[in-house]
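Below: the structure, in structure tokens.
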Amino acid sequence: MNRKLRMGMIGGGTGSFIGDVHRKASSIDGMIELVCGAFSSTAEKSIQSGKDLFLAENRCYGSYEEMILKEKELPKEERMDFVAIVTPNHMHFPPAKMALENGFHVVCDKPMTLTLEEAIELEAIIEKSGKLFALTHNYPANPMVKQAKALVDHGDLGTIRKVQVQYLQGWLSTDLETTGQKQAAWRVDPSKSGIGGALGDIGTHAENLVEYITGLKITEIAADLGRFGKGRVLDDDGNLLLRLENGAKGTMSISQIALGEENNLAIKVYGTKGSIEWHQENPNELVTRWLDEPLKIYTPNGNKLYPSAQISRIPAGHPEGYLEAFATVYKNFATHLIAKLKGETIDQPDYPTAKDGLRGMKFIYAAVESDKNNSIWTKI
Amino acid sequence: MNRKLRMGMIGGGTGSFIGDVHRKASSIDGMIELVCGAFSSTAEKSIQSGKDLFLAENRCYGSYEEMILKEKELPKEERMDFVAIVTPNHMHFPPAKMALENGFHVVCDKPMTLTLEEAIELEAIIEKSGKLFALTHNYPANPMVKQAKALVDHGDLGTIRKVQVQYLQGWLSTDLETTGQKQAAWRVDPSKSGIGGALGDIGTHAENLVEYITGLKITEIAADLGRFGKGRVLDDDGNLLLRLENGAKGTMSISQIALGEENNLAIKVYGTKGSIEWHQENPNELVTRWLDEPLKIYTPNGNKLYPSAQISRIPAGHPEGYLEAFATVYKNFATHLIAKLKGETIDQPDYPTAKDGLRGMKFIYAAVESDKNNSIWTKI
Amino acid sequence: MNRKLRMGMIGGGTGSFIGDVHRKASSIDGMIELVCGAFSSTAEKSIQSGKDLFLAENRCYGSYEEMILKEKELPKEERMDFVAIVTPNHMHFPPAKMALENGFHVVCDKPMTLTLEEAIELEAIIEKSGKLFALTHNYPANPMVKQAKALVDHGDLGTIRKVQVQYLQGWLSTDLETTGQKQAAWRVDPSKSGIGGALGDIGTHAENLVEYITGLKITEIAADLGRFGKGRVLDDDGNLLLRLENGAKGTMSISQIALGEENNLAIKVYGTKGSIEWHQENPNELVTRWLDEPLKIYTPNGNKLYPSAQISRIPAGHPEGYLEAFATVYKNFATHLIAKLKGETIDQPDYPTAKDGLRGMKFIYAAVESDKNNSIWTKI
Amino acid sequence: MNRKLRMGMIGGGTGSFIGDVHRKASSIDGMIELVCGAFSSTAEKSIQSGKDLFLAENRCYGSYEEMILKEKELPKEERMDFVAIVTPNHMHFPPAKMALENGFHVVCDKPMTLTLEEAIELEAIIEKSGKLFALTHNYPANPMVKQAKALVDHGDLGTIRKVQVQYLQGWLSTDLETTGQKQAAWRVDPSKSGIGGALGDIGTHAENLVEYITGLKITEIAADLGRFGKGRVLDDDGNLLLRLENGAKGTMSISQIALGEENNLAIKVYGTKGSIEWHQENPNELVTRWLDEPLKIYTPNGNKLYPSAQISRIPAGHPEGYLEAFATVYKNFATHLIAKLKGETIDQPDYPTAKDGLRGMKFIYAAVESDKNNSIWTKI
């Protein structure tokens, strides 16, 4: 199989934020090429988007249904291998289901689905299909997050006692959705976002990061959600207490009305032997603290990294960013898919799957339920 | 009254941490001199401590009772003006009460008392006595905290929506109290600390800082306390949700088992027009964020400070620290006391009083109650 | 011209650092595809490298000469549009010359050539050829460097008085070249690097950044070069005084033996009205200082950027890194080339050219001369 | 000798910057009391200053001559032990000489004298007098500078190869001296400052810090001085190359026209085994880099400090600042003086002396000479 993987995109028309991210991220490592897309809700717009991307007109479709069906009929050596779903939340499940049931692998943006029911159903569909499914929780793909996880896994931190996680943005501080801003409009609309606002958009990232690094499940949460924007029915802010399966405790603070914050995802994990601290906005440092040693800062391709963290593409001191981590999700998915297509059996590379997606949906539902019940502890 | 104020110290024998802090802080501005002390539980030890401080033997007393009674009999031009109480919590109320009732002003370390009942009683005693009472919540005395408060007070941040406060230490990560370490021993002992462990020691600082900067009361909290050290009955960790009187929400994370953290008190306040962020360990920066402006960092004696923040003793760029802020509490108290002794009437300078102390005790009690009730929302 | 540009690569076989960087950077924006390469010194190795890159065997050449000649004979709709030269310094000029003279545009790594004579000749060849030539000084392509330049250009900093630039690495602290490390081996070898060691490798980046941001030429330098590694004949360290054409003064410190430094390129520029500070390792902040304002920090896609700095691909707070800036050089070159191929006339997008390359070579020569003359001031 | 040391101050009238610093710094540790002063040029002003300091009128003198003579006649148990000289540079030598020759110990601000000749003479006077002399280079007294020195002294950094030091201020960016600002006025006046402007005021601190930490002498320098302020005859900016006695090289950048900089003294030292970096504005961190280890940050009272660095007065995480370091100079001087007065022989505590003062003056003279000779290398 000496060729690049062929990707079809669902959503992500010209001007889209996350569609463009998926395109750039999937192209960095030279393993994937975009061959077709149902970028927009009309064929015309889709073709226009495709043109900007140097795609042939006949591979630009007016709907995901059309794309899946037509691609399926293309000769094997031409048709797409997998779809990348980059639409708003309510349009994750239908195309994912259809793609899987028609023999295509899937990369899907998060949160996995609109509802918990869909998530449960999708997990079953994936299993039945035998196809690969990747969920683009990109943050765990940062080298320094890998190092944090490796420190936990090797027992270097001892027993985890305390976790602090925050994901703070300020872009919905004003009532941006009333200005025609599309990104804002769908995110505050329950029919497109689901029952969680900030919870789904960024809370799931925070939840996923905690469980990824610690290897521990969050078992219950107590949530106090805010709806600060005028007329908002979905949360734009959340303050949560966390309890983890091993008895560790913690806090989660998420917000899209934390004025002036850009994309401040950060986590601290405290153990009985060591602690870690990582900030997404400064991703190339992993701060660690120790009982008897000075504070130590690990860096990508720097000294004394565990093998799983040695994934940087460039030498130490050459900063990596958001796109590189996102690209690693695609790279690991592509590595897996290529092996599968070759009929090889390999250990699954480290990328998020439907399991992560289901955890995320359960987290959203538990948080909303706790909030409705004046923040009582609620099981995830 | 062309003389320094005369201070008598209760507690703070040789080797004490906080007693030494009070002595250094009270001496920086040249307005106060230490003239006597009941430093330890025996006259012998007290005299030894006094010797190291170049005090006359006859001004080193074996008990606070003795000191108060003997000093009261000294000629007016010789006897102490006020006492500084730097003992563990259970020894705050008795000497404070006796000093006030015998005509001495009081500076007292926090938390104000062992119990809420004592705090209420002490407030009444102070009022009745007509004497001054300062509680050494030192953190609000940092210039950059003053600037943060001024930004709020002038409406620059708009309406406050969200608060995040943390006070993280790691020094009780191990079971230090079993090693004979005195500081640790009394802090984990309810008979000396009261019903709050980390809550009283550092939580009250966090609570005080939130209310000081925002000018808003925390009306209710939901608390999940941890007791991670072996055999500890008092909290050594706490995760709290906050609701403020204006509808703002927030989190508080406190810990003395956050391994590797030194003295990480930090606060973020988000409003509808601007936001602030301050870190005690890097106290000479106030980070601010704005709707339409780049991030701005204020510095002591730097550009564009409000007058109330222009309290630095040294030029911009010459870092100030913990002792300087502590000294400002003493300086403002001393300024007030000098005016009072001169018979002048002045606006009370900005230092914490029994009101702050009572809030702190109520906070501890509400947190403990919430925790007992599986973190239900509890009014302060 | 609805197609991607076609790139042929010279150098950059499997395991190469900078070749891989060029491949990734050129692919991010979906405007360029790699179609052929002379990756190594033998056809066999070249084919192996090409395989990893999913290239057809017949487009993997054993030498750049072969590639240029064979590609030239391919049908227009198939053959490469430009070459990317990613070989060691001594192999920049010959392929660049040949490519240009055979009708291909060129992207070339820095420093431009092995010798100053070659640089002068190359500039003439480029002009005569009418082809585009881009030199991959990637650092000016960072959004925050663009903002710095814009602040200068708009006069916001007033008159520039002082510049401080450093480019510090530590990877040659040990005698790495004796261990078989290829990157180290050619860099300390004058026949491959030219007369400058650290000067050529990183000093030219520092020089370029100063002139780019300030818009001022460095007119003379006083250089004290170090050769700390055992047996090294080329500089591995340099300390320089700078004088700029407007009377501004400054320092430059470069090193590859600054143990522990990873890739610490940083610059400060001080004017009569404002100042800027930028660090490559933390590229998403531009620190600025002002006469009467607090320190302000600009961020990519953040508030109040000049249009020329609004080039980020992702929203504020999503960190960009080394590859993204590198990609911008390719993007701007590609935009230019596409316009040219379409016969359109556009303003040249902002990417470094042979002018920058020539300045760099003159800088190296002046520094070496000054050093030979015990650091006397030497004109560039 | 169970009493505080008695200090008389020369200069430092109300409103003075450095006089106030000396008073606060000398009082923090409770070992020194201010008993008299010749604060201003008239008795009247001096008395007014003394009043603010709660001094008796008869101990406030109209001139240093009067103070020295009158204090000498006071009974031993009352008269001052030493003088603190906090006047502009031209008024360092005369009172220092007179004090020493009349039996008083001396603490003196830097630079030590107005001219190199005075410095040489003063050193002889001190030696002859048998009195103690401390020069208040305060920066080496920071705990993290002590740790840096200890790392060098213990060989942890290996052989020093490169040094980068900067001391950047911006307060003379405008022509402040024309506005009646006293601090600015004398500093730009050669009759009061000597032949160095920024060189004397801050360059000597930079030079002293390099030699203190590395234990190496700067043997020669190449200096390019700037005089950017209108009409200034003294340097307000300087860029220097350094050569150290062991073959190490480096740069020094000093400025008082680096607009927006507050008090940015920073140093990096690179060895063959490790490196250190320290910033005065963030003094409670010592950044260290290592061949095979991650970056490590030491903190005051934190883990793994050498004994000589364990001098913090407060627990880890409680920031120390400028005054605390300054106080340490006084504390060490006082410890020495008390021992001497008691007739005890002790190792000299670590505080700067006339040797440092003489190095500083030689540095100023070499820099000015180099600059006059178009930056040729000049021996210190």
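Letters A, B, C and D mark the chains in the order given here, with residues in each chain numbered from 1 onward.
As a convention for this text, a contact is a pair of C-beta atoms (placed from the backbone, for glycine too) under 8 Å apart; a residue touches a chain by one contact, two chains touch by 3 or more.
Model, not experiment: these values are computed from the prediction.
Student: Contact counts by the stated rule: is the higher one at A-D or A-B?
Tutor: A-B
Student: Going by the average position of its CA atoms, which chain sits the greatest distance from chain D?
Tutor: Ranked by distance of C-alpha centres from chain D, the top chain is A.
Student: Rounded to a whole Å, what is the gap between the Cα centroids of chain A and chain D?
Tutor: Distance between chain centres: 55 Å.
Student: Compute the distance, rounded to whole Å, between the mean C-alpha positions of chain A and chain C.
Tutor: Centres of chain A and chain C (C-alpha means) sit 34 Å apart.
Student: I'd like to verify one number: the distance from the centre of chain A to the centre of chain B, where each centre is the average of its C-alpha atoms, in whole angstrom.
Tutor: Going by mean C-alpha positions, chain A sits 44 Å from chain B.
Student: What residues in chain B touch two or more of the other chains?
Tutor: Within chain B, residues 261, 288, 290-291, 295, 299, 302 contact more than one other chain.
Student: Chain A touches which residues of chain C in the complex?
Tutor: Chain C reaches chain A through residues 2-4, 17, 20-21, 23-24, 27-30, 34, 51, 53-54, 169, 171, 261-264, 280-284, 299, 302, 313-324.
Student: For chain B, which residues are in contact with chain A within the complex?
Tutor: Listed in rising order, the residues are 161-162, 164, 166, 170, 173-174, 222, 224, 226, 228, 237, 239-243, 249-251, 253, 255, 257-261, 268, 270-275, 288-291, 295, 374-377.
Student: Using the touch rule from the top, collect the residues of chain C that touch chain B in their complex.
Tutor: Interface residues on the chain C side: 288, 290-299, 302-304.
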